[in-house]
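Listed next: structures, encoded as structure tokens.
Two complexes follow with chain A in common, the first pairing it with chain B and the second with chain C.
For the complex of A and B:
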């Protein structure tokens, strides 16, 4: 699975370059997110701008990262396409995650300037 | 009512093959007058169903087959997912529930059946002669209805 990542200040921005985060990719994605969190990244923006399709396994991998980062960290999501957003709404994950329209807005929120 | 058309796809029971089925559902759905969110829902449901077969009926073992029939009727789209693995008991599937404010209750799995039942108009499961058939039906007449939000 291709994942672009970069650090801006102390925020890690993760941008999957795949169209799909499905059951065949979810295990690798979950492991990679876990590695970044375990290596000390406490504020993460997940940019889903390239992602057209997420299934429940892909969503489970994102939830796993959210749980792993814990109460002293933040994992927020941005640039979610409308179809994928419908899965967050259906599963009520839109009430769990902070979801921002753009990467800039997510970064501002994490830096306390929103 | 007559079936306007039927397509049958068969894949080997590997998760990396499921995207082939998903892409086919999306391709068929793109020929229908339905919006892109509903197209995504159709693809999502069939993908979830096939994932379930591979993970639970076949216990993630390759070398088995999963058949998916697409039946297009004038008023509905029907998907039939066939396998000959372990049967599923829908009544014993744990309900999908959690407290959004309690991180420890957030589910990382077990959403598939909830998604199917929420997004499809009919979900039926039957086992006969060692073969399991999951039938998913989506009526096209309600295609403009907004996607549901659980709990609202």
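For the complex of A and C:
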């Protein structure tokens, strides 16, 4: 699975470069997210601008990251396409995550807040 | 703005269109007589024209902001479409001429069309009749169903036993449907609920780990009479979410990947036969959910093209649930509103109830669907949560109205407690709808007073009766062209869209010329059926004999056994010299038995064995014949019904919700012998008691006898020698000399198992009715007069009237726009 990531200030921006996050990619995705969190990243922006479809195992990987980062960290999502947003609504994950229209807005929201 | 048509409807244009499809779509030249080429070319040329009209109709609806009605049904028994389409487009004669010019007979071409068996019987055929009526009435009415790969099984007979063969109707190209992969949808299924909190700290259940099924739509145009309106029936087929599961594919296991794809497609593989729908059939539950989920997504998608929120949803959308089969619509619509569109529960509930309506089709307890809670949790866990929440809120309201009435709460709950907790789907449909209707006056009264009396006490204003109907376009205009022609020549053709016009035939009922013409047509139709019987079962029958017909699904409550008992009684009378036959009679049966319904399958065997004995008994000669026509289906019904003299509608009173076969026979000039059951009651009111043969106990009388335990079959057996002789004939192997003891179970079922369908109490009245029928049939002039009056007084039983009633009483509560 191709995952682009970079640090801006103390925020880690993760950008999957896959069109689909399904069972073939979810395990690796979950693993990488876990590694980043365990290595001390407490603020993460997940940029889904390239993703067209996430199946339930992909969504499970994101949930897993959310749980792992815990109450003292933040995992937010941005640039979600409608096709993916509809899956968030289906699972009601949109009510759990902060979802922002763009990466900049996500970064702004995270700045100053932990 | 209306776009100019790309197609012409002149004879030359239609010929060009057929030639085009022969060469360019089918790549055929020249045309063979045996193949389906000409049928396909005709159908494709018609589909072109209907596709254009679908777009025109859609533009009209959108411009007028017309309210749309969506009819959700697990069954649409549409029958062959070519004849109906040609008539409704007003192109029958043009195509007939074109085919004649090419050296073909249109009837032979029509025979090339497959008859899709996408239904079990009345319920599915009703849905098809309703689509025809909605389009004819210019109502924006659409059907949603399942694109079963295999329809109801094909019935073959082997030594009198039913054998089921797969009905692979899609093996041949279906020229009517338009596959719309661009409008496919994703349906989640299975998975689990993760109990979480949302950003505000409120409880937020998340539906995770689901699998995905693709819903792929196939649209079949539905043209209204006159061709102005073309609606559609959308059937969903299931596909896998991607052609192959990528992970499995990457692992190199090609075969497992393909198997997974096949597993998804299995969901719409076959239609379940009725009477096999006992709780626990997971695939059937998945089918019901799949249909509802696909349909509601599509309905919402269409609505949101023109609206920004759901405030006007009930004004613009009506959804009719055809029986409980699509009743998961209540939970799915709530889930969509609450979960996916974030509406507050109360608002979502209000919209859901204002949009949905439920038609009940049965009072038989075993046919009222229940699904185990555990199964729902496995298949659709989020829906189960929603059902529980609906139930909690509903029961709170009931408890507030009737404090302390625990028994009421137990009876009315959506959940049936017990060893296996079950969800009562009828209760879900009742609670989630703004209207529930029965399908005949008697049936609706039974629903109010018995099955759903608690709900009726709570919400009496929501109970409505809408007596079923049939479309005269198929069941007279197409099925009986000679009679249709006589009627149109005599009173004009307004009856095609206004069946009450047939009243004008009343004054002709005693006019000799009209009676003779009517009688001749019946005789011709009987000759045609005699030919079919001869070809099909190699039995010669006399077209001048009384064609006495009992065709319908085989079920105990429909009492094929009572009819056989009457035949056996008559046979025994004749061979014992107690009676001299006054007229010749041909008893015709047809119908399928559910594969797992032993008694129904035995009934088919019994009919065959009784027929074999009687048909070969030289003492009987031609006085009695018994025929079983295999593989009853719409196209066969279209041949049997116009040829029928006597229609048998003899269900145990209180069991047949309406019946629609009864109406089809009446419309085609058969007299009815029947009990006061279902719509027979209203047929009696319409036609008058002198023109119908009514017999037997009333529903109320049966209910009282059951309650007071007053019925003892043994009393009837001892009191009436006629009954005794018939039952003894089943016991003493009269009809199964080569298979000893085969029918002894009938004796025991009736005598020792309390005859649950009350054959004996009705038997004596039934044979008296047949004595009367025999006497009256000897006077053809009077018989024909009564037959004409049956046709003349059939107007009420048009599905146009039924749809107008739905429109006025259910869908139009919020101002449905027509035309």
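The working rule: the second predicted complex is superposed on the first by the 111 of 114 C-alpha atoms of A that agree within 3 Å, B and C clash if a C-alpha of one lies under 4 Å from a C-alpha of the other, contacts with A are read in each partner's own complex, and residues count from 1 in each chain.
To be clear about the criterion, contacts are C-beta pairs under 8 Å (C-beta built on N, C-alpha and C of every residue); 3 or more make two chains touch, one makes a residue touch a chain.
Bear in mind the structure is a predicted one, so any value in this text is a computation, not a measurement.
Student: Is A:20 touching anything from chain B or chain C once the two structures are fitted on A? First, second, both or neither.
Tutor: both
Student: Name the contact category of A:4: first (chain B only), second (chain C only), both, or neither.
Tutor: Neither chain B nor chain C is touched by A:4.
Student: Tell me which partner A:49 touches in the superposition: chain B (first), chain C (second), both or neither.
Tutor: Neither partner.
Student: Which touches a greater number of chain A residues, chain B or chain C?
Tutor: Counted on chain A, the partner with more touching residues turns out to be B.
Student: Just to be sure I read the superposition right, which of the two partners does A:64 touch: chain B = first, chain C = second, or both, or neither?
Tutor: A:64: touches chain B, not chain C.
Student: Looking at the overlay, what does A:90 touch: chain B (first), chain C (second), both, or neither?
Tutor: Both partners.
Student: Touch test for A:98: chain B only (first), chain C only (second), both, or neither?
Tutor: second
Student: Determine, under the contact definition given at the top, whether A:82 touches first (chain B), second (chain C), both, or neither.
Tutor: After superposition on chain A, A:82 lies in contact with chain B alone.
Student: Show which residues of chain A both chain B and chain C reach, each in its own complex.
Tutor: 20, 22-24, 55-57, 59-60, 63, 86, 89-92, 95-96
Student: Spell out the residues on chain A that touch chain B in their complex, using ranges where they run on.
Tutor: Residue positions touching the partner: 20, 22-24, 52-53, 55-57, 59-61, 63-64, 66-67, 70-71, 82-84, 86-87, 89-92, 95-96.
Student: In the complex formed with chain A, which residues of chain C make contact?
Tutor: Within the complex, chain C contacts chain A at residues 188, 191, 194, 196-199, 204-212, 241-242, 245-247, 250, 339-342.
Student: Which residues of chain A touch chain C in their complex?
Tutor: Contacts found on chain A: 20, 22-24, 55-57, 59-60, 63, 86, 89-93, 95-96, 98.
Student: Could you please specify the touching residues of chain B with respect to chain A in the complex?
Tutor: These residues of chain B touch chain A: 14-16, 18-19, 22, 36-37, 39-41, 43-44, 47-48, 51, 54-55, 96, 98, 100, 103-104, 106-109, 111-112, 114-115, 118-119, 147-151.
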